[in-house]
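Read through the structures below before going on.
What follows is a pair of complexes built around chain A, which joins chain B in one and chain C in the other.
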Partner chain A sequence: MTTTPSELAAPRTQRRPAARRSNFELYSWLFMRLSGLVLIILVLGHLLIMNILDGGVHRINFAFVAGRWSSPFWQFWDLAMLWLAELHGTNGLRTVINDYARKETTRFWLKMLLYASAVLIIALGSFVIFTFDPNISN
Partner chain B sequence: MATSEVTTAGSGGRARKKAGTLYRGDIGMWSWVAHRITGVATFLFLFVHVLDTALVRVSPNTYDSVIDTYKTPLVNLMELGLVAAVLYHALNGIRVMLVDFWSKGAKYQRPMLWAIIVIWVVVLIPSAYFMLRHNVEKIFGA
Partner chain C sequence: MTTTEAAPKPAPVPEGSRTVTLKIQRFNPEVDDAPHFETYDVPALPTDRVLNLLFYVKNYLDGSFAFRRSCAHGVCGSDAMRINGVNRLACKVLMKDMFAANGKQTTLTIEPIKGLPLEKDLYVDMEPFFEAYRAIKPYLMTYGNDPTRERIQSAADRARFDDTTKCILCACCTTSCPVYWSEGSYFGPAAIVNAHRFIFDSRDEGAEERLDILNDVEGVWRCRTTFNCTDACPRGIQVTKAIQEVKRALLFKRT
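The block that comes next holds the complex of A and B.
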């Protein structure tokens, strides 16, 4: 623990060939922190407006959603929140599966299920935001 | 997990005495466990929430009738649980970022945990009041 860098012997293990090196886990680690920072504003703001202010959940209905999505600001807010939250959560669950699934096949299929659900949620959510019709019939 | 390693090292002899427990970490380990549980719970809710919001593409009546279940007392209480989970995850996320990026973050990880618990309680009390008020008045009469 008290060894200074000058006393360290040269590493005996060979460097991995460049082609096999991947920075994916580094970027995923960084993404969790950056998306987390943005999500603090987006999600806590969303919860404050939807659940706490001005009657909270009791005032939410179709007309309320139509009013909010008439503004590009809230459309963009919700779209950004959808993508960031879903990717942040998917990456988190990927880590959880890697930690607890012991069999290679279990691990593989749990992750496939996770990725399929992420694609479904991002695609469906984006579709709904982009094609929302306030005049849709009952 | 930088957080749990720091905690184990920082608690010194105390961690060794608890050798019989599943994990040997100290309170920092529980903050990590809570971060996982709140994260997974929020992710599962997000799945349901995108599906229920997608009903605005079906019809206003379908959307309204499903959203009405969110206004019932039991689901309302679960929403408070969701807010509590997300708030903890956000506050502890800030703590994790401070441990990672602030030079004194690892040294102060424990007081920072107590700080976020205090903020969590202080924010949750008025939130619970505003979220549950309507249903409490309806059940017990205003």
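The block that comes next holds the complex of A and C.
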């Protein structure tokens, strides 16, 4: 080989940056497990109510939604489901991007796109749940 | 060395052997653009190991065939390769376990381990693997004055990390890990196993430092618990269990 000594890295040079002492990856890992457990109850309950009980999907109309959201319990249920599902999915896609994006710039922009969409959906969903007006005309 | 090509002796076929087809991935960086498969028919005894068949190819059929081996007895960990799609040491796979049933033709597919840069035939560049190994500081770390006598350890304390002392750094586990295939900066199972060996050693005082390293982006949280590493380990180390124990230490002993 034609490698000159000046091109070689010095022995024992550290190639990895020092550990950051951050627990972010730990908490995101933990969040996936805990939110997954809660989502099993929330999502299966939601599917049961919306699709199976009392005639299922055919009785869903504006009045049905308005009636449900007049109760703080269902408001909280839907809000929890929205936030947990969106953050759970975002975090899952973040790990997929971390695993499979080859270039640093691709990784950055894919994550930006992901975070922007997550913020938009959470904000829009929360806005609708909190400001829903059952007496809206036409 | 004799180089007479006048009358090459026919390759010997031992008594009681069966003919086995080896489908070997070949790559010569000076000639080939991409790796390709070549097949070789070789005689195999039930007591042969896959390594013996590779030597048969090298010694009698194609001397340019390149692969690593050192001790050839499952101790040094040089001859890790993908045999029929799973990572094994070629010197620890007996042919009697590989023969097809009912006397059908046996075909073995031999590939280099995945996820490391391919250099030639079954040779891969092991440097990224050993870089991850060095990064977890695989040596005894202590602070303060050294004791005047040896460092005493109880049998129970020794048993705590016994499983992970068995690692021979063959890279079977790390190169069977799908996360490592796609993201080479992940420390990989082998590095975590060797960190585990010191984190749970009662004589060592560097556990906090190693846990910090494994708590970062490239550390244990990358593990998807697919158990490929445990299945691949030729030493029978419970690799995934060791990784989970490091996760547990991070979750419950700290934070």
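Remarks
Basically, the second predicted complex is superposed on the first by the 119 of 138 C-alpha atoms of A that agree within 3 Å, B and C clash if a C-alpha of one lies under 4 Å from a C-alpha of the other, contacts with A are read in each partner's own complex, and residues count from 1 in each chain.
Note that a residue touches a chain if its C-beta (ideal position, glycine included) is under 8 Å from a C-beta of that chain, and two chains touch if they have at least 3 such contacts.
In this text, all values refer to a predicted model and were calculated from it rather than measured experimentally.
Of the two partner chains, chain B is the only one that A:Ile40 touches; chain C does not reach it. Once chain A of one complex is fitted onto chain A of the other, the partner contacts of A:Arg15 are limited to chain C, with no touch recorded for chain B.
Touch criterion met: A:Ala85 reaches chain B, while chain C stays clear of it. Touch counts on chain A: comparing chain C and chain B, the chain ahead is B. With both structures placed on the common chain, the touch criterion links A:Gly125 to chain B but leaves chain C unconnected. Applying the stated contact rule after C-alpha superposition, one finds that A:Leu26 touches chain C and leaves chain B untouched. The interface of chain A with chain B does not overlap its interface with chain C at any residue. Looking at the complex, you find that chain B touches chain A at residues 36, 39-40, 42-43, 46-47, 50-51, 53-54, 56-57, 59-61, 63-64, 67, 70-71, 76, 79, 82-83, 86-87, 90, 93-94, 96-97, 100-101, 127, 130-131, 134.
Put simply, chain C touches chain A in their complex at residues 131, 135, 179, 182-183, 185, 209, 212-213, 215-219, 221-222, 247, 250-251, 255.
Those residues of chain A that touch chain C in the shared complex are 14-16, 19-23, 25-26, 28-30, 95, 98-100.
Per the touch definition, chain A reaches chain B in the complex via residues 33, 36-37, 39-40, 43-44, 47, 51-53, 55-58, 60-63, 65-66, 82, 85-86, 89-90, 92-93, 96, 117, 121, 124-125, 127-128, 131-133, 136-138.
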